[in-house]
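Here's the structure, in structure tokens; my notes come after.
Labels A, B, C, D, E and F are assigned to the chains in the order they are written; within every chain, residues are numbered from 1.
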Amino acid sequence: MRKFKKLVLTGACGALGSVLREPLAGMAEALLSTDIADAPDTLHENETFTQADLGKMDQIEPLLEGADMVVHFGAIPDEAPFDELLGPNFFGSYHIWEAAHRHGVRRVVYASSVHAVGMHPSADGIDLTAPHRPDTFYGLSKCFSEDLARLYWEKRGLEAVCIRIFSCQPEPANMRALGTWLSYPDLVRLVQRSLDTPTVGFVPVYGVSNNDRSPVNNHQAAFLGYKPQDNAEDYYDKVIATARPADPQDPSQMRLGGPFAIVPLGESGVAMIKKMSEAAD
Amino acid sequence: MRKFKKLVLTGACGALGSVLREPLAGMAEALLSTDIADAPDTLHENETFTQADLGKMDQIEPLLEGADMVVHFGAIPDEAPFDELLGPNFFGSYHIWEAAHRHGVRRVVYASSVHAVGMHPSADGIDLTAPHRPDTFYGLSKCFSEDLARLYWEKRGLEAVCIRIFSCQPEPANMRALGTWLSYPDLVRLVQRSLDTPTVGFVPVYGVSNNDRSPVNNHQAAFLGYKPQDNAEDYYDKVIATARPADPQDPSQMRLGGPFAIVPLGESGVAMIKKMSEAAD
Amino acid sequence: MRKFKKLVLTGACGALGSVLREPLAGMAEALLSTDIADAPDTLHENETFTQADLGKMDQIEPLLEGADMVVHFGAIPDEAPFDELLGPNFFGSYHIWEAAHRHGVRRVVYASSVHAVGMHPSADGIDLTAPHRPDTFYGLSKCFSEDLARLYWEKRGLEAVCIRIFSCQPEPANMRALGTWLSYPDLVRLVQRSLDTPTVGFVPVYGVSNNDRSPVNNHQAAFLGYKPQDNAEDYYDKVIATARPADPQDPSQMRLGGPFAIVPLGESGVAMIKKMSEAAD
Amino acid sequence: MRKFKKLVLTGACGALGSVLREPLAGMAEALLSTDIADAPDTLHENETFTQADLGKMDQIEPLLEGADMVVHFGAIPDEAPFDELLGPNFFGSYHIWEAAHRHGVRRVVYASSVHAVGMHPSADGIDLTAPHRPDTFYGLSKCFSEDLARLYWEKRGLEAVCIRIFSCQPEPANMRALGTWLSYPDLVRLVQRSLDTPTVGFVPVYGVSNNDRSPVNNHQAAFLGYKPQDNAEDYYDKVIATARPADPQDPSQMRLGGPFAIVPLGESGVAMIKKMSEAAD
Amino acid sequence: MRKFKKLVLTGACGALGSVLREPLAGMAEALLSTDIADAPDTLHENETFTQADLGKMDQIEPLLEGADMVVHFGAIPDEAPFDELLGPNFFGSYHIWEAAHRHGVRRVVYASSVHAVGMHPSADGIDLTAPHRPDTFYGLSKCFSEDLARLYWEKRGLEAVCIRIFSCQPEPANMRALGTWLSYPDLVRLVQRSLDTPTVGFVPVYGVSNNDRSPVNNHQAAFLGYKPQDNAEDYYDKVIATARPADPQDPSQMRLGGPFAIVPLGESGVAMIKKMSEAAD
Amino acid sequence: MRKFKKLVLTGACGALGSVLREPLAGMAEALLSTDIADAPDTLHENETFTQADLGKMDQIEPLLEGADMVVHFGAIPDEAPFDELLGPNFFGSYHIWEAAHRHGVRRVVYASSVHAVGMHPSADGIDLTAPHRPDTFYGLSKCFSEDLARLYWEKRGLEAVCIRIFSCQPEPANMRALGTWLSYPDLVRLVQRSLDTPTVGFVPVYGVSNNDRSPVNNHQAAFLGYKPQDNAEDYYDKVIATARPADPQDPSQMRLGGPFAIVPLGESGVAMIKKMSEAAD
């Protein structure tokens, strides 16, 4: 694998950032990890950590100096009031792309989300030409960042891979996840390919595992060479045991965004999603 | 696998119905099998059989009481005069969907057919958005049933999976079947997925095995998770031994419907298909 | 204009048939008009009338002898119980096409309907490649007839133009009709072109006037040369005066089929449509 | 024309807002005009004016109370540094939609822009399914607002028409404008239709006149009934007299966004556009 | 209209070249006309004529020196043996584009033909994305030239408009021409727009008049601003009087290429087309 | 496998022809190999060799007498001046198809090339409906031959498979080849399927191995049953060791045609490609 001189990982203390630190450390001479949270207990040998707020340009810009590429996973990872998302999710993306541009960073690999297209029916089998249909303010922040990424590519030549992460968890947690699960090892594979593909321009790609029931089609991004290895179907028996009743009139069961397709926007949505995910799906 | 309280199987004594009885019995507490023919010699422990004529609403309606889902495979399985198809194929479908609606049945899994799209050239590589192009009155009855299924879903919320069965036989019998074969185990897999997918709305799906030469594309129905395992190519040597001469001007070799694409409609078609299939393909 | 030797018009006493009798009489040496109703009070010089039931092959077949083309407008023109539609709408179409085939008639010009695609959202701007999405049993009978027409063309070389008639009335009666109106003169133009175009194969075409707000796109049928002249917008002031409140959650205002998109199937639907059309809009 | 009780117009003192005040005043019992600038010298009889900053929710929200619809034309109408666009263009949209939602306003008619799709080549003849390809931060703010509009429609039932305004000026000013010109009367026509169409859901529409050389296709929004009447070609002689040399390698001549397709993002872009438009195009 | 310094017209003595000489002379300070035939009897004041063989590079190259644009209409205008087409149609195109490149000519306006896509069914309503489907060696030479044109644009920045001329005659001569007619004035309009549009890159466009029955769709080339004014329908009565019997199984009546769709390739095709066009069509 | 009586292989001494001689000898009673070069040192038992110039009809025509199918791989396999390509690549194809037609040969399997579509961006993930976009005169000769092949199929019933060969080499030689590699065994598989598929009409197919990063999509040619087995990814480590710096502004890294997408046309292109391929890619 190609060795980078310096990679930057934002959101390094988050659920997915934590998964990525080790493989990214293995791909670069130096990995700079950052998060708004405190540093992790232990760092890899070639890893440094800087605490920083994505909403503050003066904290973000210095981090990208000398970086080859940025893996931008920092953000509020859930629905939230628009005002709360502004800093980390909207400004955060702007700060990352603008800083990357100023420092001549070559590429941003971005944690976009299924929620940028969450209102599409699962049964439409969409591919990567489907238009944005956000399901929440959170999804809207992903649409914004993808459009920003395309703008920086077309006007400034800054490359971007926008990984629309589906249900990235240790195991598929419910019936929907039989289609939408992204295993941690497949997440790592996808990030690696997003980094090591020599030229990418601007490209979105769905982050799903090799699930029997995967509802989306990545063929336009085939040149990335992402070949997922895991299959949620292996967890079928476990999942079915606690599945909630099927209801074809329920958008949370028929749309890509799942529960996000029905929760209210903003604050009350946050609460409802929490409640829904506490219940067996 | 999810256990249903009651499943109904029509056409239970037919070639494909006979294949489905055992796996369906395994998926439900009670399986009600029905056919216009006499009962099979032996029944599974949790299986009951009622002889009934699909063309008679009063015989069909009572059977669906309390059913979770119906697997509707009963019909004349071949070209026939329009008048003969009316009862079992046209009215039969109407009776099944109407009875299902009245009894609150959740879903119909329907044996549609390649002959609903049989006039499409094989080399077009159609997917599930291709329009109806029936090749016979038989194919027309499948188009009718699919449109009926969509109507009941959109107006009444009754779900349907319309399996467009290609060449479902123990072995691929001729060159065309190298592309169009559907093995019995793959038929069972597809019916199981059509039943156990939590929500489906209305969806057509091509019933073909994992053949090297499969001429159609199921990607819009990917969420069903149908992953065929058999490949007609394993029978290549056997098939080639008796293959008839290739003729690219012959629609029966260039269209999805095969011989159905050239036989006359109705009665004389019946005879010709019989003769063609008796000859080596 | 090309003069035909003999044309046949079914449904000659219906609202639209009555509009067509005079222009058709002008296009042929002999016009045979037929309907299940009694003969009109007066006939054109070269017009004869035979009362006949579309549901009876022995009454229909003799009428087509020697005909060049058939203009098939006979049918129950509204939602009805499936059983009631069977004779005139389903069998009726079969009888017409079968009789046309037997007598070597060249072409059927058929009164199909917007209700064959009535569940499509108006805002989708569909063209002629959109799939069938019937909104009623009535719409289903149109889907059936179109598929039958395609089958007879592809297997028997019998040509067909399937005119999907939208709101064909003297004046646009409500807001929806500002988009969907088909004036009588435009209906006549479209039927004439459907007859005088030298070769047509099988082709569907939307029957709408040149309305500012026409929601559909006929470009695939451009070769027919149908150029509507009337525009519902001329009636805007009159229509707006009695318009019912707009509601974007109401499928009857957002789907092509209008009220048909929401009424129950069959008998109760008949009643509701009557009531809705008695009310303003 | 339908009379509204109350309409709200933002950006009422801008170039286009000024054009809209009179026709909107004619469509409503009360027109509330607002802008960050001082009130216009004279108001229409049923017009009131409130100075307000789109970036301040507490100034915006009260204005929408009791409104039927909002015509949202307020924003910085040009490329600007991202930070400067934040208040009026990004937050401004959020405030309008959120306030509209809180007050039960039925619809927002929004001044989107060609610059939301400005990187598409003019020769692609795009229709309304083309994806966002912003050419500037300004264009990005339009992409954001359109996605926001779709979200509020899909999750909250608030309707929106997003008018992608091309070159809206008294006369076409350069060769590009021969294709992209939107006359003031056609702007008024399009806003009127966006208001008086009974139900719209979410729909984008290109704001161009009936120019011979119009490079885009509105057919998916046909149901709005927008029929432009003016044609930039009438100004051909005048325009050609001062046209700058043609260069097919120059994106500003080959992309929909024109000069915006080549200027740097942000501050330096502002200056360059000014300079380019001062020169003869 | 923009005045060119020098235009070159090939095929100046042909049927269409003769139509173009006057309007082109009006668009340029100098018009150089060329043909393999003898000079026309009279020349326009600013027109010069050089006899030259398109198949000879040394005769062609000097003509283009100093030219702004070339209007390349020279070629055998009919089916012919492949060998005979080689010089004027295949090499001729290569010589024109290569010479244009060497002299820095900005654009070639090329007389391509419907016969580059002549095997497409008329009823498909194709637009400009339809693939090449030549109907003759003649049509093949047009496909070759269009691909050559695209290559010179993409690799060398030499612009091209490829006008796919349909039935360009003083009057529509038969039923097919009711759809495919291109009047001389519309030809002139289209060539003018192909020249005066500031930037075109590479673009094909269908050369048909504003016929009611026009079977093709130019929307992707809308930016050229070609607005035909004539309508073959005005000749309906005259055409119908001598129309040959319609036969929907006859490709010459159902495919865009007309008679070319059925004649043998090469020499025997030449003869048959002559015979067919001598007979009343 | 089906045994042919006689197969003809052109370009038998070329890099790919040499790979094909043995498998083709195994598929036929007699293999006639031909090339403009001297005979290979040894021939297979049932193989004969005739030296011939593709540019000479009298040398080519006799070879095809009695042949079942022709595998046409002879041509200059690289960019060259247009004049040099004329004989072997342009006339050569014409001679092969014309001779095949005269002798009643059933099918031509043709070595087309990625360079017929080489200007398409790799990231577009094109399928077989993408239009021709040649990147060189060499690519243009492939476009010409494919259109010729389609013409002979549509007018004369001569079948053709046009294999668009990508990077056919013993091993993937550079980063681009990780996507575009076609292994020798996969080439053989594809040629075999092109021969043994009973009916093919006219069909193009991309010749690429089962590479993780394959940038194109063969689904429309699925009926051929080509299932590649090799994967360039197995050579990743070796390739990456000598990879040249990635540059997303470099068309040779972003377009399917690779270096061909940037070299000058004709002679100077030849030299540059040689130089580029001598350098580490």
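The rule is short, and it goes like this: contacts are C-beta pairs under 8 Å (C-beta built on N, C-alpha and C of every residue); 3 or more make two chains touch, one makes a residue touch a chain.
Predicted model only: the values in this text are computed from it and were never measured.
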{"item": "Reaching subunit D from subunit B through chains that touch each other, fewest steps", "value": "2"}
{"item": "Length of the shortest touching-chain route, subunit A through to subunit E", "value": "2"}
{"item": "Type of subunit C:subunit E copy interface by residue overlap (half), same or different", "value": "different"}
{"item": "Gap in Å, rounded to a whole number, between the CA centres of subunit E and subunit B", "value": "52"}
{"item": "Geometric centre distance via CA averages, subunit D-subunit C, whole Å", "value": "41"}
{"item": "Multi-chain contact residues (two or more partners), subunit A", "value": "none"}
{"item": "Chains touching one another, given as label pairs in label order", "value": "A-B, A-D, A-F, B-C, B-F, C-D, C-E, D-E, E-F"}
{"item": "Subunit D residues touching subunit E - in the complex, by the definition given at the top", "value": "121-125, 175, 178-179, 211-217, 233, 240, 243, 246-250, 253-254"}
{"item": "Of subunit C, residues touching subunit E in the complex", "value": "1-2, 157, 159, 196-201, 203, 219-227"}
{"item": "Complex contacts: residues of subunit A adjacent to subunit D", "value": "82, 90, 94, 98, 119, 129, 131-137, 139-140, 143-144, 147-148, 150-151, 154-156, 264-265"}
